[in-house]
Amino acid sequence: MLYRENGQFKTSYRADLQIFPILQDRWTILALLAFAFLVVPSFASDYYFRAILIPFLIMALAALGVNILVGYCGQISLGSGAFMAVGAYGAYNFFVRIPDMPLVPALILGGLCATAFGIVFGLPSLRVKGLYLAVATLAAQFFADWMFLRIKWLVNDSPSGSVSVNGLQVFGLPIESGVSKYWFCLTVLCIVALLAKNLVRSAIGREWMAIRDMDVAAAVIGIRPVYAKLTAFAVSSFIVGMAGALWAFVYLGAWEPAAFNVDVSFRLLFMVIIGGLGSITGAFFGAAFIVVLPIFLNQFLPFAASLVGLSVSTEAASHAELMIFGALIVWFLIVEPHGLAKLWSTGKQKLRLWPFPH
Amino acid sequence: MAFFLETLIGGLMAGMLYALVALGFVLIFKASGVFNFAQGAMVLFAALAMARFSEWIPQWTGLSNKVLADMAAFVLAGALMFVVAWLVEKLVLRHLVNQEGATLLMATLGIAYFLEGMGQTLFGSSIYKIDIGMPKDPVFILENTFQGGILVNKEDLYAACIAAVLVAALSLFFQKTGTGRALRAVADDHQAAQSIGIPLARIWVIVWCVAGVVALVAGMIWGSKLGVQFSLATVALRALPVVILGGLTSVPGAIIGGLVIGVGEKLSEVYIGPLVGGGIEIWFAYVLALGFLLVRPQGLFGEKIIDRV
Amino acid sequence: MTDAEHLTAARRKVGEVILDVQNISLAFGGVKALTDISFDVREHEIRAIIGPNGAGKSSMLNCINGVYQPQQGSITFRGKTFKHMNSHQVAVMGVARTFQNLALFKGMSVLDNIMTGRNLRIKSNLFMQALRIGPAEREEMRHREFVEHIIDFLEIQAFRKTPVGQLPYGLQKRVDLGRALAMEPQVLLLDEPMAGMNVEEKQDMCRFVLDVNDEFGTTVVLIEHDMGVVMDISDRVVVLDYGKKIGDGTPDEVRNNPEVINAYLGTSD
Amino acid sequence: MQAKALLDVSGIEVIYNHVILVLKGVSLQVPEGGIVALLGGNGAGKTTTLRAVSNLLKGERGAVTKGSIELRGERIENLTPADLVERGVVQVMEGRHCFAHLTIEENLLTGAYTRKSKGEVAANLEKVYTYFPRLKTRRTSQAAYTSGGEQQMCAIGRALMANPSMVLLDEPSMGLAPQIVQEVFDIVKDLNAREKVTFLLAEQNTSMALKYSDYGYIMESGRVVMDGQAAELATNEDVKEFYLGMGGGERKSFRDVKSYKRRKRWLA
Amino acid sequence: QAKEQFFPLLSYRTGPYAPNGTPWANGKQDYLKMINARDGGINGVKLTFEECETGYATDRGVECYERLKGRPGMTLFDPQATGITFALTEKVDKDKIPLITLGYGLSVAQDGNAFKWNFPLMGSYWTGADILIQAIGKKEGGLDKLKGKKIALVYHDSPFGKEPIPLLQERERMHGFKLDLIPVTAPGVEQKAAWLQVRQLRPDYVLLWGWGVMNSTALKEAQATGYPRDKMYGVWWAGAEPDTKDVGEGAKGYNALALNTAGTQPKVIQDILKFVHDKGRGTGPKDEVGSVLYTRGVIIQALGVEAVRRAQERYGKGKVMTPEQVRWGLENLALDQKKLASLGLDQVMKPISTSCADHMGSTTARIETWDGKQWIVHPEYYTADEQIIKPMVKAGADKYLADKKLTRRAASDCAS
């Protein structure tokens, strides 16, 4: 019985209201943070930073944002790619138009642009629900795709519509190397995750969940659906917009609207579902699953095949990758329909009982 | 005027083609409450099968009659879709009874990935041809009334007729048979349906089969228009506004939705597009659907969304 | 009911009319759920609504708290008359409610469910909540303390952190009540709070309702099919039948009203 | 039990979600043509027991991990619910579960899914309508928009449409007006007497349940803690006190019991 | 340490563009295999490669780049997609790895003084568009005859499709034709509205700027709306077998730019067949060897190999070149007709010679026509008009440098 809360009595509500009320969790999280901030940079190669960790962190951030809207407030959205795009292009415009614009304020302003866009496209949610809303939010997606291709001003008159940024720095420190980019993304992610966690365990988070679970009952206890839904759209699109700006600035460096196409929207939705709706940790699991797993499979499959003496073409490997990825999604869902985060907590629950079966 | 009519007719035709894909979504949603994300992949898979079988069957059997070979390919592809349906039930749906919509949606995503990989592995990822003898050249009608006549695409006309027949048949099936009722019951509440003896397994195999055949027909027609290749899966995105505008649960809604969206997007592209630089039809279709939803949140013919304490 | 019991009832100072329902009519398409219903509820009393299935009892509550908009009639609450109210306004005025078909927030824990009942009273804004600095945290703690009292009161301490969806039906009903109580309502509308409970659990539930009524002076409007409960704890009873009011009065009056016997109680007992 | 058991549940354990152990070895027998009541407080595991029998656990992510369930001597743990309906076992689920989008009549007709003869189904429909006249007047409204009691009647009626030989009733009286409750139990008695339908009945309304059943089991925290002939149970002092609210013989007023707090239980 | 020159091969064999990406990738691989088999590598340096599937998606492309860029013997990247090119342009500058984008990518990157690491070899969208206008002018009997004519650009609604617009507008100003822009939303499976517009506008010519499924769909819609295919001119990415094969007779008469010839006669293709396919080591199906995109893949790889060879001439024969040395090689390519002939490439491409200022090296192309079964290349060569393109490239590059706060390369930098 390594993992349990027995014997940890809380003597005040403050203690019980901590993010991680269980001692072991607190230590784990501290260790994890130390690991991420200090240990990882000491052994990870540039490839890991640039190709895996950074996209993972940024997508986890975006998934976190989407999870607020979809997982906590129950408003299924397929417009996340658009919110990312608005965040990216918004930040870009502030960055290039205002001389000496520092990076962090540009990101935040980009996030705010996404907030405004999100609120506008969130208005239909006051009337349209569920899958109907999900499909309707695709309007935002396709509109944004179109807007950034068509409105020259938004791309600083670049004829082809592709834009780029360089010379990123924070407080005078250049954000160029893989490690510095990684630290920067990780810091942003940690701060946002903390704020998001605070929100979802506060009154506003409970309002979102109430609206999600039973909106009529929520209204009866005095929750205003308009306020709850629109704040969810606002907060979510702010975070997603920031993630979009990071994706563009830090990961891609140069991008075209297609970098935020409808595929991205779908992938974000998948991340939150497979990770676990309504769970901050779920966003991390989901991002890992959807971002990292295919890359892993892509490299692992030829290797695995070579072990058994087969040589597979890239083509066959990519097809097999699709199949295995699909099969894994299904398999995980069958094991735990509520996502990886739930699987995780069930695992912990078992650990609590361990070594006794019941 | 002539041009307006041309656009209108073109829009109607395009709408019917969308409806064909939309139908697949509606069927599965109606019968199991699952939003089938794999519909696009099923269209692709079925079309790939059909295209390759019609190539291979003459090689395998020495059959030289093209029509017969095509027919055999259709049947074989249909059988393959049956196998898919059976496996989907056996390996996926059966284990996810009574789960939430989001979970099921995600599972169909897994199925979509799997089918895409499988399809390309089995049948190749190049571009293939389905030629079922659809006429490609335009015809002109009302040449006396309008100078130059009005252009109608014959291929689309045929396709529209096929779509209409399919929809009519399916509507009848849903309205007139006890199975139709059972399907709706399953969509409402898996567990309750089980408790009164509706065999979910059989129902799901049936529905996925029918959806598979619809996908095959859609794949055949779109494939003959576009060539059979991966992009076929993306026609699903064009069909989504149709589905929600018509209502997720309504078979006739797919047709009406298709017509509205088809006409709306073509007219907008042709008449509004040039003013704003063009390329608006896809988001316009979605905005149009959204506009309808604001008036009727369940789509034109969808079942009312139940909202009660 | 014995005389002694009436005495207890009398000792609680039943006050002025707090809620007055006037000529409410409500129809859904062809179905007339309510026809011209009027009754009043006095401060601190326990007012029961009874009637056969489909009589319109739940619909009546829905009208009072703004879920349904009656086609006719008005509702006066503390002297103010409303034709239409939305649920939010009603909640702000201090009317809370439980539901017949459990309307708990399934994905949330018991604690969070009850905490939502406090939401109207939370003053800190989004940013303060995100940062959880001083005032926001203190506020959260204050409400938490209040909610803990409710949890103690309802004896569901053991399930504090359990997702409500996993609780047995009877406990869910209690959580539903807890959520309503967390609003510190002046009027509490209860829709079959004791359905699906055995006698002992009903006794517990009665105790909760009576305590709330006694200690906080909360006015209670109660729908219940168990005549034992209704007759024992309510001060006055309204009887509905197919949307019409067929009786109104003290339990004894109602019990002896031939129309009520005919429509609802039946002769066997 | 004297008569040959139609249903024999022996020592089953049920675990939800791989971790929550709910039934800890429940055994019970239902004789052919009997009415057996399953009593117990909230969360005792009555619903879970019924789900285990009708094989509806899977949808709740629960599983029977120990013990066996036999119907007419045949192991049924691996059958689908539909197979069970084919064998005549139908469950009325707790919490109604009507098909929200279907009308009342459609709900009832889906209940007859397993039956072939149109004529019999029509006759059966009429029979249900005579049992519950209220359903007839509401036959064309969507189930979601009917009152709680109407939905409960619909759920019961729907199960009867399958012409079952055994019915698992989960809290049939919940939310029904007293008259209708009476009626439901009369129907149970009637079907039992005339059509030899067997009933397993999970019920909170203990007095009613004991009045109409032959045999009773009392559950608590996932175990059967007492069983016996219904008449015996009804006179047992403990049962009287805890389940019938008649400690000391007389029924207490709900107003008076308010002061006494702790429950006495057989198990801690 | 074995002497190996490593070629990362970014490709897409799945996804919407797989039919086009696959032969391209096959050509690239087969050429490397052939050089190893025929010549034993470059002056004894073996060529190695690894393919990485991008699925045409930018983020996967970046991942592939990051995965492969650190390999020993790293040579250069050819991302095979415009979106990936954008993202990599930012990165190669820091990592100092050359990026070749033959016939695609950024048109302004022709200016080697501004874009040190980008090599849009053999043509950009501006040169392509320019040549198409010239060809149309020729057909009309002179560029001055274009006055009053209507030309519609049906384009893939993405940076790829929008690149030619500035040049076409420039030409529009010069010759007085009217340019209509008709975007097609990616991937281009539904073009009814676009072609209805074409029918309404009745342009004299349609320029088709598509990729993947968009091309065959456009041709089918043209057929369905009765627009004459011989009035249609496609870019070189709309002129390969996958674009027309399943349209067949319906595309007869359709023209497209030919950046290279196709067919199995050229010596280089024969060599590939002989040294690779006949040995059973071919990458794709044998009957696709020599198709348009396959041959383009061969040329891309050949230029990469020649850049290495050129660099070896300066930095030491038989040595493994660093990416920086390869860059010098790319910047100093001088493949004249004789050299091409010796490489067996003389029938598939024109001579090319690059310099510090000009990273393109050649701006010639021909026109090809689909005869219902195959592509027939017309003999005459067109060369893009320097007068028009030079200033545009300069202006674009200057704007790029200004936006980025960068300066042009010093003359001394060219020597290194």
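Letters A, B, C, D and E mark the chains in the order given here, with residues in each chain numbered from 1 onward.
We adopt the following convention: a contact is a pair of C-beta atoms (placed from the backbone, for glycine too) under 8 Å apart; a residue touches a chain by one contact, two chains touch by 3 or more.
What you see is a predicted model, and the numbers here were worked out from it, not measured in a lab.
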Each chain counted as touching subunit A and subunit D at once: B, C
Chain pair with the higher count of C-beta pairs in contact (A-B, A-E): A-B
Chain at maximum distance from subunit B, centres defined as averaged CA atoms: C
Distance-maximising chain from subunit D - centres being C-alpha averages: E
Closest chain to the centre of mass proxy, which here is the mean CA position: A
Geometric centre distance via CA averages, subunit E-subunit C, whole Å: 74
Chain centre separation (subunit A, subunit C; CA means) in Å: 41
Centre distance in Å when subunit D and subunit E are each reduced to the mean of their C-alpha atoms: 74
Subunit B and subunit C, separation of their C-alpha mean positions in angstrom: 49
Multi-partner residues of subunit D (each touching 2 or more other chains): 145
Residue numbers of subunit C (touch at least two other chains): 67, 99-101, 103
Multi-chain contact sites of subunit E, meaning residues that touch two or more partners: 13-14, 22, 157, 183, 185
Parts of subunit A lying in touch with subunit B, wherever the complex brings them together: 76, 124, 127-132, 135-136, 138-139, 142-143, 145-146, 149-150, 214-217, 220, 262, 270, 273-274, 277, 315-316, 318-330, 333-334, 337-338
Interfacial residue positions of subunit E with respect to subunit B in the complex: 13-19, 22, 157, 181-185, 187-190, 192-194, 196-197, 199-200, 212-213, 216-217, 220, 223-226, 242, 245-247, 250
Interfacial residue positions of subunit C with respect to subunit A in the complex: 65-67, 86-88, 90-92, 96-97, 99, 103-108, 112, 115-120, 122, 124, 126, 129-132, 136-137, 140-141, 144-145, 148, 179-180, 183
Residues of subunit D defined as touching subunit C within the complex: 16, 20, 39-44, 47, 94-96, 134, 138, 141, 145-150, 152-153, 171, 174-182, 204-207, 242-245, 251-259, 263
Touching residues (chain side subunit D, partner subunit A) in the complex: 15, 17-19, 21, 61
